[in-house]
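Across the two complexes that follow, chain A remains constant while its partner is chain B and subsequently chain C.
Take a look at the complex of A and B:
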């Protein structure tokens, strides 16, 4: 047999290599996820007294373990944002949306998430937003579908 | 932090719990089970182009044949060749049919299967040397209790139904014993 196939059509096929990683959460992230399942948000108080949300396990400044978790609001304020018009696989929403830093009420830091604002005209720094929860929450970060604007909220 | 506050909350699986975190005070978030473990899927999506030699192998599989590659002027036939004879360091320009009967040259018993098509565990994943080939290829051995699989055991491929044959190694669902006498291990030297 000769090398006849070199003149034939080049083969090409999609190939997906994937694994389901099992991870332990630890007490801080575990409590955060457990609260998400109950549609509630937790932060953690750092050594300077600020509430960090999402919670971290160690102080951002000193590296000491943090132990005091506190509940924060499920509504918050957009501090900064950008508009995503070119969608890619794996993004939180399948329609154009904002990626924004949202400072939840009672927290001193902001979390990055998608805001389903419909149009860049409907969002700005200072916009009020609330969590849109997944219908069947399981205790994980994907219990937060995205944030959505609160009607009548302030615009920056 | 006082010693008494450093209550041991070992989350490490290492001996003695090398990694500990102090206990955490949490607002009342109900009586439900506390999340301790999550599953995080991670995947990469490729567009795969097999190249000339694996393309020949795949076209052979689509016809229900096991093809190997042989370098000009050399005897060794490598099944599913990547295009080179790794001993002669020459391109494998010639396609040669091998097998389909084959010999188990090495195996392991798999206790943690993953992937949608993984057989029930435990099962045997083996290196299988098709007759006429110089090197082994991977395969799953079924049709025999896993503890009875051995080096030198004779096996044959089990193919998907002819109408399902395609350009894929999944054409061979698994290998099963032929019932022939084992090949003595000495004859497998150099072919593992």
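Take a look at the complex of A and C:
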């Protein structure tokens, strides 16, 4: 692969890049984010009758526009999880935590977020968790700080 | 349909980091080799198509710079996909099918080493619900592995066996980055990287690339004694909304395999692009490959995983085995996005 230049001759410089897009949220995602500000969770009913949370604009099966917003619970069940110990900038928590898919009570699908479980021993598929809200709204999914285990709940 | 075949394949010797070369310098020798192997010049090529990522290169339209490795004067007809080179091959195949070209040069490459790859890959996720959480690609894959473990579709020991088999196979692959493996018991004694995944469950971070020449009909027969004919090729995508579907399955892979005609004949060899051990199990299921099918004799993505090149390499590895007469009919698979979201399947066959 060519002549390898010795390591100390390689010029290096930091490169910081950003993709600072502004995005509109539209009537469905916008309604979900507005409800988060009020510490409420919304899903949307699809053509098969399932409640999809977070809500989507179009039916996952048929592609038809969806409009019927449905309030769901702020507690739910972990359907799958993994443990994050190599923390990276921008993630919800600055301590080791779980990433999990959480199916909120009243919803038929799951949402991704962090679970502040403290240790992988404190979480399992089937664990019960509740939303931890952010005090000051930031206008998006990060109005949810994370989920946290419900004390005395089933650890799966 | 026109008969179109892969006639030449070249790839880098894959490494964790190639700091002394830029992307142009890294891929140029590969492009030179893929043409020299068939005594072709760029003027013999009717269409050039590449796959690479601006997010990894750190600048917009980075592929334009890489065209210096091809030589774009006199002017050439070219295109680019922000995807694995396997999709660039698909575009080139369409170009030839439509009669706008008889020959094509296809390449895919990246240098992942300058950034934090698992973090960069989080930018593939939707910008409202998933992306703002910056979930790294290993933790994302862990969700899928856990769901499979919970369902009893695989065990951690079987995952380690896939890693061990792949990297042992890679010992005979001169281009592989990770060759050889500790025993399965030793692998299972390691700590988790991102529970339930251990380091051996994950593809390495790689700088590298691959180039392929495809040609139609008689041109293919001129360039290769035993061209690897593309008998079927198809790509499909599943929803990015992972929480709303069964992530232990990849319906798009099954559909692509059906459309490509995988089950229409015997499969002598399959190269599956599974960057995580458990994903090989999903793909075997979805493609309907029996236990008798040899999978990833090259070591697969677990032995070298240049993003935007690893899928094209799978096509190249199957083609090489067919052109060498070691296999009569083979299946190649490429993937894009998290959790096997998008999948391409091709069936390659010798002349026989």
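The rule is simple: the second predicted complex is superposed on the first by the 138 of 156 C-alpha atoms of A that agree within 3 Å, B and C clash if a C-alpha of one lies under 4 Å from a C-alpha of the other, contacts with A are read in each partner's own complex, and residues count from 1 in each chain.
Assume a contact is a pair of C-beta atoms (placed from the backbone, for glycine too) under 8 Å apart; a residue touches a chain by one contact, two chains touch by 3 or more.
Note that the coordinates shown come from a computational prediction; the quantities given were computed from them, not determined experimentally.
K.L.:
Looking at the overlay, what does A:122 touch: chain B (first), chain C (second), both, or neither?
P.N.:
neither
K.L.:
Give one of first, second, both or neither to describe whether A:74 is in contact with chain B, with chain C, with both, or with none.
P.N.:
neither
K.L.:
Taking the superposition as given, does A:15 touch the first partner, chain B, the second, chain C, both, or neither?
P.N.:
both
K.L.:
Which of the two partners, first being chain B and second being chain C, lies in contact with A:137: first, second, both, or neither?
P.N.:
After superposition on chain A, A:137 lies in contact with neither partner.
K.L.:
In the superposed arrangement, does A:114 touch chain B (first), chain C (second), both or neither?
P.N.:
Once the two structures are laid over each other on A, A:114 reaches chain C alone.
K.L.:
Quick check for you: in the superposed arrangement, does A:31 touch first (chain B), second (chain C), both or neither?
P.N.:
first
K.L.:
Looking at A:85 after the superposition, I want to know if it touches chain B, chain C, both of them or none. Which is it: first, second, both, neither?
P.N.:
Only chain C; A:85 stays clear of chain B.
K.L.:
Touch test for A:52: chain B only (first), chain C only (second), both, or neither?
P.N.:
second
K.L.:
Using the superposition on chain A described above, determine whether A:101 touches chain B (first), chain C (second), both, or neither.
P.N.:
In the superposition, A:101 touches chain C alone.
K.L.:
Same chain A residues contacting chain B and chain C, which ones?
P.N.:
Looking at chain A, the two contact sets intersect at 1-2, 5, 10, 12, 15, 17, 19, 21, 23, 25, 89, 140.
K.L.:
Within the complex, which stretch of chain B touches chain A?
P.N.:
Touch list, chain B to chain A: 1, 5, 9, 11, 21-27, 29-30, 32-50, 52, 55-56, 58-59, 93-96, 114, 167.
K.L.:
Could you list, by residue number, the parts of chain C that touch chain A in their complex?
P.N.:
Its residues touching chain A are 12-13, 15, 18-21, 25-26, 29, 58-59, 114, 116, 118-119, 123, 127-130, 132-136, 138-147, 150, 192-197, 239, 241-245, 247.
K.L.:
Hey, which residues of chain A end up touching chain B in the complex?
P.N.:
Residues in contact with chain B: 1-3, 5-6, 8, 10-28, 30-31, 33-35, 37-38, 40, 42, 57, 64-71, 89, 139-140.
K.L.:
Using the touch rule from the top, collect the residues of chain A that touch chain C in their complex.
P.N.:
Chain A reaches chain C through residues 1-2, 4-5, 7, 10, 12, 15, 17, 19, 21, 23, 25, 29, 52, 54, 56, 60, 79-86, 88-92, 99-101, 103, 109-114, 120, 125, 140-142.
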